[in-house]
Amino acid sequence: MRPSGRTFDQLRAIALEPGFSKHAEGSCLAKFGDTHVLCTASVEDRVPPFLRNTGKGWVTAEYGMLPRSTHSRTDREAAKGKQSGRTHEIQRLIGRSLRAVTDLVAMGEMQIKIDCDVLQADGGTRTASITGAWVALHLAFQKLVAEGKLAAVPLIDHVAAISCGIFEGTAVLDLDYPEDSNAQADANFVLTGSGGIVEVQGTAEERPFTRAQFAELMELAEKGVTELVAHQKRAVGL
Amino acid sequence: MRPSGRTFDQLRAIALEPGFSKHAEGSCLAKFGDTHVLCTASVEDRVPPFLRNTGKGWVTAEYGMLPRSTHSRTDREAAKGKQSGRTHEIQRLIGRSLRAVTDLVAMGEMQIKIDCDVLQADGGTRTASITGAWVALHLAFQKLVAEGKLAAVPLIDHVAAISCGIFEGTAVLDLDYPEDSNAQADANFVLTGSGGIVEVQGTAEERPFTRAQFAELMELAEKGVTELVAHQKRAVGL
Amino acid sequence: MRPSGRTFDQLRAIALEPGFSKHAEGSCLAKFGDTHVLCTASVEDRVPPFLRNTGKGWVTAEYGMLPRSTHSRTDREAAKGKQSGRTHEIQRLIGRSLRAVTDLVAMGEMQIKIDCDVLQADGGTRTASITGAWVALHLAFQKLVAEGKLAAVPLIDHVAAISCGIFEGTAVLDLDYPEDSNAQADANFVLTGSGGIVEVQGTAEERPFTRAQFAELMELAEKGVTELVAHQKRAVGL
Amino acid sequence: MRPSGRTFDQLRAIALEPGFSKHAEGSCLAKFGDTHVLCTASVEDRVPPFLRNTGKGWVTAEYGMLPRSTHSRTDREAAKGKQSGRTHEIQRLIGRSLRAVTDLVAMGEMQIKIDCDVLQADGGTRTASITGAWVALHLAFQKLVAEGKLAAVPLIDHVAAISCGIFEGTAVLDLDYPEDSNAQADANFVLTGSGGIVEVQGTAEERPFTRAQFAELMELAEKGVTELVAHQKRAVGL
Amino acid sequence: MRPSGRTFDQLRAIALEPGFSKHAEGSCLAKFGDTHVLCTASVEDRVPPFLRNTGKGWVTAEYGMLPRSTHSRTDREAAKGKQSGRTHEIQRLIGRSLRAVTDLVAMGEMQIKIDCDVLQADGGTRTASITGAWVALHLAFQKLVAEGKLAAVPLIDHVAAISCGIFEGTAVLDLDYPEDSNAQADANFVLTGSGGIVEVQGTAEERPFTRAQFAELMELAEKGVTELVAHQKRAVGL
Amino acid sequence: MRPSGRTFDQLRAIALEPGFSKHAEGSCLAKFGDTHVLCTASVEDRVPPFLRNTGKGWVTAEYGMLPRSTHSRTDREAAKGKQSGRTHEIQRLIGRSLRAVTDLVAMGEMQIKIDCDVLQADGGTRTASITGAWVALHLAFQKLVAEGKLAAVPLIDHVAAISCGIFEGTAVLDLDYPEDSNAQADANFVLTGSGGIVEVQGTAEERPFTRAQFAELMELAEKGVTELVAHQKRAVGL
């Protein structure tokens, strides 16, 4: 029995609210249960130096947590003067995940910066970030299409993410904080709409897991991502 | 005529939503029109070194803006590795304002950290921060009273803040971004519920202002703060 | 009775010594009693990026305290690797104050950097900084005029600053350290030669102050600045 | 055909040279072909704060690259004043991998710091780091056993790591730099001596990979780690 | 012929003005011609961790230049967020030089921090710093003796410093900026009152110098330090 | 008797192993007994800003110690976020030493960055760094000559370095760690192949040393450098 009463393969209540931000070209408030992440997409003319004059675009991401998004207050990274290793890890993951489904040539020489800021955390902030970021990115591209700056949305596929883990001996989908902090092993899967694997990060916490367990987690993830993709479609009006 | 159609002494639509955050001991989403600031109050056992073993408490504040809370994206302070002078200025102002109405002896040796994070900015983020922070602080104190850790809420008075300025030659209340960026002079007033002055910060932008103009702004501020205090009362159930 | 024996509306002994520095284009050692601030003005060809090719100039300021300018030694900011919030606040204030009386168009595309370094502190370092900085700036402009690089000194007016406060229930002018650290409230006023308000920063320390008290402080400030402006005139030979 | 002429399931020449450092309690120069990583283990009395007085130990890791370990020179992180996101990612991975096979209770309240410094890089520096770090850690524990400070080496199992990837459409083992920079997808596998999964990190570079491909990579990794474990046994004299 | 008209073995006009600072326990404004350094000595109760409970004291130094002490403005180290290599070099040199003549046991468990801040630079700032710092340190010790906190001034000897160099083929004493920036080689000598060598730092700029030249410079230095020691005696009233 | 059994004027076992690094244009593993420093030379097109369009080249150096190169582990500078004063001192010394024997005009507008990384420390790391760096630099220049990018190696002379000190009352050559940490005084000499002095840094540790002692140390250094130069010749094939 899961602490939340969910079945082993049940997602938390998912909401992807488009247009949360007045200023951003695209935005989405992604809610995975009590985990709430504000994702915004900002269009910029300048690409990073290594892409200048190549005609190619870039998508990158930054991630942060509000100090009191967590159970007890976490020190503000801006006040400490540096971002943690965990923050670096997550924002690089978000960026790679989105680039894997973006046609960087078709988008042309521009950059889109995704900001994923966790307003409230209850486990799974990186998976909510990726899932919501795709919506924000799509909306920003739609806006550019509407303005005649792009011919079509240069996204090849959906990308969404979910965590799975072994909790009290059972493989379960979409870990919340009480599960995550007691899981024996957990893995984050970033998958495309067509089921391809973009990123996999599995970590054994208490003891190593087996290849069979890992396959079980991946299967759960495929189910979860299929549902998340349906939410994404609704959010962007597809 | 003001860009928003408001009269010269009219506040924007104000909302002080208590309990926005699941984890914080006290929280408030403060909305001054399109300016939205999430204020949380976190109770901590440890006081700063200069107060150890004095029996006195402390209230301090931190301030931040989400990168895309602004019209065009602002660099993330955590990524740059330092907070701007403006951030330092504002968070010091919030802390001083709250301490001015807190009975630090009555609260006993504990610390409350206020975080004011701007989700969306449209002018007046520091005034919305102070006004919402008072609500978050009050709610945290109420919780401590409910838990029997404090005998009574150790707040001597309300404190709220509003900006006023000279826009197109006229003194107006509660500047929004289009006004703020074109004002000839503007001032932020932090006042108590009983009308006392806690902080005043006036800045001439285009040309110096006169003592008479300054008095006019202060009068507008008193009207505005009276209304804000009424909102605060409702938010904390007084 | 004030600790120093001064009357309520009496400035400390003021000295504005021009030409203290051999290298700077303009310089002034500003003494407000035992508060000594070395102000230098450095002319640079390059303007900040946002002004390039606009034909407009810029005036900016930096502020620092020598570690043992204070009663007990203060840590060196360069050694700590960052400037305090107080330093940021003060240097931004100095810069804004000077720009308010500078004709940035008339000065043309160049930048003047003001450095205000406190050699000895006894209260009122920011007001001595602003008052002395105007002298340093004027001298630097005079030098540019003498060299034929400017047609006239592009300063529209004087700017000078003074602090006032409520000390033992009475409004007094030009707080020194013993007064400042025991004042019930204090305010810094930055005024022009013609009496306009450029900046006002009032802070209640112990208890809020009233509108009447605030008006009283402003009146004292006007008297004080009138005297400071006379000192400035002598220092620059007007 | 692989650039190096290796078969698809062939490791590079592996050497794990124990005792490379005169001072460290344990050390190993790990060579995976032209990738050379110096791994040292340093025993310290103090554990991190969260473990004080728990009787439990800790193993942590730091990672660095010499500036000219790479094809073209990389800026020195100490000179830049911060470690990159990649460095953070890798050193966290090394630490987690080692802790997964360490009996932290049996080792008692002490800390072992692993330093993995890349002297020369040719792909796979993180996998060589983990594989060599286990040897350094084992040697440090052996020394503590020899000194009578521990009853037995508190390592539950081996841990070793290898990368696999899809290169020109084929799954291959132990990518070197020319393969790594052209792989369509690659994954790092951290496995125990008994075949359990400790960490998996898979990343699609050009296009998503399929579940079948991923299984193929995992199988290759199991073969590779089996060979690495044999090298580890020889290096520590088992 | 030297640019200043001095003879080859002539110091610049030297002035060591004691008591320049109102707050510091000891202070000295050291002038070597147009090079002016403010040296203060601050007594602190706490010693660095490695000396706690040893009964021994410590003397350390920090060094800084005001931004416009130099011919053209130098960036403020506090604003850049780090001290330059040159600053580190110089402040370590000052500290070592003073400790070489201090009886750290006799001074007991306390720390004296020396701050050397360059108000105006014209070559030889480090030698003026050391020479003035000895005066500030002596005065601070005298004050502690007068207050009954020390039985006697725990200084074993004088220490003073001077630079010498090869300028236009000739060995000269006490380089000023025009000489320093054109010298073929220069060396800084830190000597005691009794002629012992505490520190020597010689650097060939244009071409290596010979052993004979080096001996010639050392002889000049001995002459210069003898004169500086006489100035020190007068400054501290010996 | 020296701890190592060496005679007073005997170097440790010296080895200068060229070509240690696969990627660097020039490299050398310099061994002075148990002190091992990896020196690499990296050729870059870009010169520092102050040399652009002057036709002149530049040689600069960086220095670092692996955390466990030392007897007990030293914190990693990249993790602390800043380089120590000692590191700054040493890398500036290496750079100046090499530039003293390089014909910067003949090398043309390019930059060579020397990295000296201490793999194992046992005293004398800066002297091993300079001696090995010259070899790495020479090899890099040889490569540029072989590629036709330079007509001849633009090195005017050898440069090598050695430390000498007063150990138990006797002047000895090439201090190792046990000597260095107990020396009464020590000095580092950087000399050219033809015997010229490039840099001298002498420091009295316990008590000042005399001019006669200093001359004795210099004589020892000349002997030592003569031998080091012979090693350099063999390493670069002269």
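Which chain is which? They are A, B, C, D, E and F, in the order written, and residues in each are numbered from 1.
The working rule: contacts are C-beta pairs under 8 Å (C-beta built on N, C-alpha and C of every residue); 3 or more make two chains touch, one makes a residue touch a chain.
Note that this is a predicted model, so its numbers are computed, not measured.
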What is the shortest path, in steps, from chain A to chain F when you may only step between chains that touch? 2
From chain B, how many touching-chain steps at minimum until you land on chain D? 2
Relative to chain A, the most remote chain by C-alpha centroid is chain E
Rounded to the nearest Å, the gap between Cα centres of chain C and chain D is 59
Measuring centre to centre with CA averages, how many angstrom lie between chain D and chain F? 33
By the touch definition above, chain F meets two or more other chains at residues 81-82
Pick one for the touching-chains graph, please: line, ring, star, complete, other. ring
Give the chain order around the ring, anchored at chain D and oriented so that chain F comes second. D, F, E, C, B, A
What part of chain D is in contact with chain A in the complex they form? 82, 84-86, 88-89, 91-92, 96, 100, 157, 187, 191-192, 194-204, 207-211, 214-215, 218
Looking at the complex, which residues from chain B come into contact with chain A? 21-24, 27, 34, 38, 40, 42, 44, 62, 64, 66-73, 76-79, 81-83, 87, 113, 115, 117, 119-122
